[in-house]
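Residue numbering begins at 1 within each chain, and the chains themselves are lettered A, B, C and D in the order written.
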Amino acid sequence: EDRMALYEPFGEIPVPSEPYRIGVILKTFNNDYFIDLRNGFQDAADRYGVEVEFFAAPGETDLLVQKQLMEDMLVRQFDLIAINPSSTTNLLEPAARATEMGIPLINVNDAYISPEDQEENNIEIISFISTDWAEQMRNHVRYCAEKLGPKGGKIAHIMGFPGSTAATLRLQGYEEELANYPQLESVAVIPADWDRRKAMDVAADMIQAHPEIDCLSASNDNMALGAIEALRNADRLDNVIVMGCDGIPDAVRAIQSGELSATVAFMQYENGYNSIEAAILHLEGKGNLIPKTLFGPQEIWDKSNIDDKVENYGRYYSGMAALNK
Amino acid sequence: MLDAIISAKNIHKHYAGTHALSDVDFEIRSGEIVGLIGENGAGKSTLMRIICGIEHPSTGTLTVRGKPTEFSGPHAAQADGIAMIPQEVLLVDELTVVENIFLGHEISGATGLSKAKMRSAAQEILDELDCTHIAPTQLTGSLPKGSQQMVAIARRVMQGGAIFVMDEPTSSLTGSETEALFRLLRKLKARGKSSVFISHRLEEMLEICDRIVVLRDGKLVGDFPNDGLLTKDVLVSSMVGSDMADEFSRKISEKGDVILEAKNIAVRTFQGRKTPTISFKARSGEVVGITGLAGVGKTELAHVLSGLREPVSGDICLHGKVTKLTSPVTALKNKIGLVSDDRRSEGLVLGMAALANMTFTSLRKYLGLLGVNRKAEHAMGLSMTKKLSMKPEYLARDANLLSGGNQQKVVIIRQLCSESEVLLMDEPTKGIDIGAKSEVYQLVGNLVAEGKTAVLFSSEPQEILGVCDTIFVLTDRSFFGPYARGDLDYAKLMAIEFGTVDTESMTKETINEYQ
Amino acid sequence: MSTAQLHTQSSSGSFASDIMHLMGQTLRQSWGLIVALIALVVIFSLTSPYFLNIFVFDRILTNASFTLIMATGMTLVIATGGIDVSVGATLALTSVVAATLMSLGLHWIPAASIGLILGAAIGATNGSIISYLRLQPFIVTLAMLSLARGLTLIISNGSPVRSISDGFSSAFKGDMVMVIGFSILILTMIVIHRTRIGIHLRGIGGSEPTSFICGIPVNLMRVGVYSVQGALAVLAGYTLTASFNAAEPTAGLSTEWLEALAAPIIGGNTMAGGRIRLFGTLMGCLLLATMRSGLNISGVPVAWQQIAIGLIIVSAVAIDVFTQRKKRD
Amino acid sequence: MNINKVMAVLTRRNMQLLPVIILLAIVMTLLTDSFMSTQNIINLGNRISINLIIAAGMTLLITSGGIDLSVGSTAGLSATVAAIYFQSGFSDIAGPYGAILFGLGIGAAVGFVNGILVAFMGLPAFIATLGTMLAVRGLVFIWSGGRTIMGFDQSYIDTFSGFTMGVPRAVIAAVMTVLVASYILNRTVTGRLLQGLGGNERCLHTAGIRITSLKLGAYIMMGTLAGLAGLTLSASMSAAEPFAGSWFELDAIAVVVMGGTLLAGGRGTLMGTTLGAILLGLVANSINLLGISAYYHTFVVGAMIMIAIIIGSPVISGARGRAH
């Protein structure tokens, strides 16, 4: 079956000369975002006839476990390994070892092994296939500024697990972009550890402390949905703009029902899919076609465009197909 | 007169709600053995804890070798050569005997601990105490209580000093162990060391002490030189405040049907030896006594009869029916209750109030509409404390804050108020003062008169001879009995226990009588 | 055993015979775990062709050594009847502090020493609060966990601290983990068996009142043990920092300290205290590391791995409990 | 005098946190306008209740000398099971009650397994429940496929997150749990035996008490309450997250111990536990309301717990007692 082009950065992909074995190490499997990423890998592998095997640590903060996991995978003689590191540093050692063993690496999403680190540690990474995390929260701030108009208003940020790469970079983007909008005042930044229930409590406290709040920016959809519960309990659903990130099915449904204002979708499925394509290109000796960094598109989905998005992308995102009906 | 090494003046000690000691003067002179007696809760242990720096007096002064002193802790007192063997044996179960003996005083050589040296030194001191059966490398927790007491004594002696305070060491010791201890005390005395010795066995006190001091209700009420004229009666009346009738008297009742029967039971003792087969019958209305030297397997027999362990062979019959007691639960269901000989680890929940300890097996009796009826529960507690001359305020106190004897009373009360038909009592009067002892016997007598049965496991000959209707003697080689009350006297009992009578004929006699 | 026998045994009791005795005892205590470990190796060799491989064994040993560093300290802590749940947080905090100092231009030796002192100080604080205020170890170290974790975030601002110097890396990286882990284990074994410290620690765990009466400085010993545990957490953190080439503020959050706690218990040390079985702790670390690598290499998905690890932890302890119980009967 | 009486109550072991709570509440009322608002009180109640449901059970369990580290995973499992129930359309047959039954049932089942491991096989509770914690988390991953499941019926959500007479249902559930637990602990034979069990297991065994079934019962009770907490959680979120409930066990144990229950067993107080849960919720609420910077959160929570336990330590509160 042909792929419907969402985003095809590489053009035509050659037919693999052999059924390559590709290992994929994800951070974890415990939320929809990672499952989408995984599905992207799986679909592409099925389409091009290569083999993938998935591994993940139990939790996002299991840095050491993920490192040990990768070390163990090195003995399994994969043709290529795609890594989705929990932090910018935890996989440096096994990655160096992989390079030494001649196993090519692709860095997908989340933490990024920077060129300096690659050089210093003798790591060769074919490509960083990801999204600009900071940009996602910049989008939040811009969206909020646009909705509130010139008179501006008050905004607060519900942060992910402090110390995790995504949470840190997103907070950075949020703070940097705010500097450009003096009419927006950030009244609180509180972590809720990616946890829906914690986000609900945090949001409840935010609207208590700052009843005049206009806008809540949550570092992911899960927490945005928690915030919505808090707003519902406080009867404030109608006059607070809530923004999430990831575009998971629950969030899409909440946008359709008008509870969630917007989410930043960044095509995690595509990142997985493109990684397999890049892998095949590389293994077929066409590595020159792959850029060192490939940031996929990101889009703001809100009430105005959500139905189109579901129709176009629904079949690629787990759980979203059901939303069509 | 000899010099006082330590003298305590005007000692007061208050605890929340109690006056444990009031205005006590006490001194220990060099080279003497002082006896300290008093009823349970009189304050003996408290006084000794203060002298040994484990507790501070509320008011009062300590003078050590003429110098006023305030001990900052037990180590300070130890540095002055004063230390005690507490009433509740304090050993670390998880350590071996050597490690316990040298705890805090280990010997080190060039390459670290001198384990061999310590081992042989420990062996020496154990030999001196006649404890050849204790291996120094054994885990202390696996030893019987009596042997643990001997290890505690060995440790105390090993650590040396000028004053040896021993709080009721003999309550868990047997005759021969006690003798070994007395030999040691005399040896220490000959070296000019002093000892303080606490016991409820007044005969012992008269035997070993140079001077006997009596405490009652926290006050010092007597100080008698043991000049050979001192008698037990004088001590008792000073202790209790009045004269006492025969301590072993109890109601004697008609014997009824056989309730419990042991048929050819053999058990394994903790040393791994198998006992001879044991058969006896216990009728309602009867107090059966089972006696014998330490380590012959009395406790194990009690355990078998209460479902705590399985016999090597033989059966238990209840009301004529063979019954398998697989656990204490089945025993309780069959109305068999055990007063364990180890109150701290088996008898009590130390962190729980005394009243709760008394009632937890019979709590269902006090269930009301809103759950446990605390008033009814408390009323029962009050009536029992009255019977055993305990103070009512003890009921609310945590068990571990009670004096040793009162703890033992709590254990007995639990069995008395549960509805057991068969009461197995393993050394039940350990550490109980003489007055309370006779109260326990009377209570047992009353219970038996109601048609229940009591089996008393005891190594105290006086108790066995004075209280029991029927007596059996367990030895390494055979199980002797039954002997009716009066059949045995002290000399004959000893002869059987030590195997110095013609056991052939005794055994025959026994079998004939039994069938 | 007769007295005579005992005497001959003790008179020949030299250092060497002590060791023989110790080894015999250790084998008797831990054969269940040894069998379990061998069984695991056999099973994994059968399920994956990649398992029997020098590289894999090297990894297993390294991973086990990492856990061993903290588990050794934990063995001592639980011997006193205590527990320390703050080790993971101490590990992260001290690594971040040392790395920050290095990034400010301090040479790695003083930087690492300051981190080490800080870790020992955190442990000493734990120990002092537990001892002198008579509080329960679990809750004190739990509060410490939050405090240290919070400080870590404040200092690092949530990002990994880079600029780890080469000297630091080479001192703590790669095979150094094994060297550090096993040196600590052997050193601790010697101290525990050749000095009074081991007896005193077990004494405190077995019966604190007894130890107190015997003049053991109970409180001081406890402060000491928690300080050692703190310092060991620092060393473990340094090996992690060296291998990441950065101090991660989220290091040591869950699996690291949970395994450091599980390993001694799998190895037959009891939470109630009174026991020190360092060889058992080592076996516990090896079992956990073998399990993890074996499951990874056999391609078992993470969810099933969780289940398998749970089951294996439980069965390892069950085997131990049953073999011990049989011996007692 | 009256003052003395009040002081006596406040320094009692299970009440030691009350002064801290009152102080914090007063400070917060003075510092912020929003603290004393109805909505904030309701939020606080909701936040505390889930922790309290687990902590109440944990109080009984710890009192009996046990511990359960698997409660967080179990809560996640029960939420997942309830969600799957609605997803598979069973609600047409049995309505929301089926989900509640399944959720509590699976909790009880995990408790049963723990009980078997601890009571019958004699494994140390800490390690046995650590094992089930991992295994149950694995089950949650497998059954949920790692994704958040939605689609709860409104009737289910209302059962747990509505209001009865102005009081949130979650709070009612927590209060009921605490009351029942308190009744069991203080007024029933079972409660007395649980205390005894934690104090000296061997004594109860010797006395002929069926300790295995007692322990088993305690673990089943704990599992069921973890299930209830999971259901409450999923209803409040209208979703079951696979990672929901992680670290619930640490919060619950912290609260229980802060309240003055001995981790070694033998003595427990539900009043203390309740105050502990209130304090923990209050601290989190306070730092959020005060807008303390994100990175200081963990630190402040730790500092507050440390201060609370130090003030309540026997040495410090005991010294106060002696001065009177």
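We adopt the following convention: a contact is a pair of C-beta atoms (placed from the backbone, for glycine too) under 8 Å apart; a residue touches a chain by one contact, two chains touch by 3 or more.
Composition by chain, UniProt nomenclature: B = Sugar ABC transporter ATP-binding protein; C, D = ABC transporter permease.
For clarity, every value in this text was computed on a predicted model and none was experimentally measured.
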Chain-chain pair with the highest tally of contacting C-beta pairs: C-D
For chain B paired with chain D (ABC transporter permease), centre-to-centre distance based on mean C-alpha positions, whole Å: 44
Averaged-CA centre spacing for the pair chain B and chain A, given as whole angstrom: 72
Where chain A and chain D (ABC transporter permease) are represented by their mean Cα positions, the distance between them in whole Å: 34
Chain C (ABC transporter permease), residues touching no fewer than two other chains: 153, 158, 302-303, 305-306
Contacts with 2+ other chains: residues of chain A: 29, 58-59, 162, 171
Interchain contacts, given as pairs of chains that touch: A-C, A-D, B-C, B-D, C-D
Residues of chain D (ABC transporter permease) touching chain B in the complex: 183, 186-189, 192-193, 195-196, 199-200, 202-210, 262, 266-267
Touching residues on chain A, where the partner in the complex is chain D (ABC transporter permease): 29-32, 34-35, 58-59, 159, 162, 171, 187-191, 195-197, 200-202, 204-206, 208-209, 211, 222, 225-226, 229-230, 233-234, 248, 250, 253, 318-319
Touching residues on chain B, where the partner in the complex is chain D (ABC transporter permease): 306-308, 327-329, 331-333, 337-338, 340, 345-352, 356, 359-361, 363-364, 367, 370-372, 414
Chain A-facing residues of chain D (ABC transporter permease), complex: 32, 34-35, 37, 39-40, 42-43, 46-47, 50, 137, 141, 145-148, 150, 233, 236-239, 241-244, 246, 284-285, 288-291, 293-295, 297-298
Residue numbers on chain B that touch chain C (ABC transporter permease), as the complex places them: 54, 73-75, 78, 83, 86, 90-95, 99, 102-106, 108, 111-113, 115-116, 119-120, 123, 127, 132, 135-136, 155
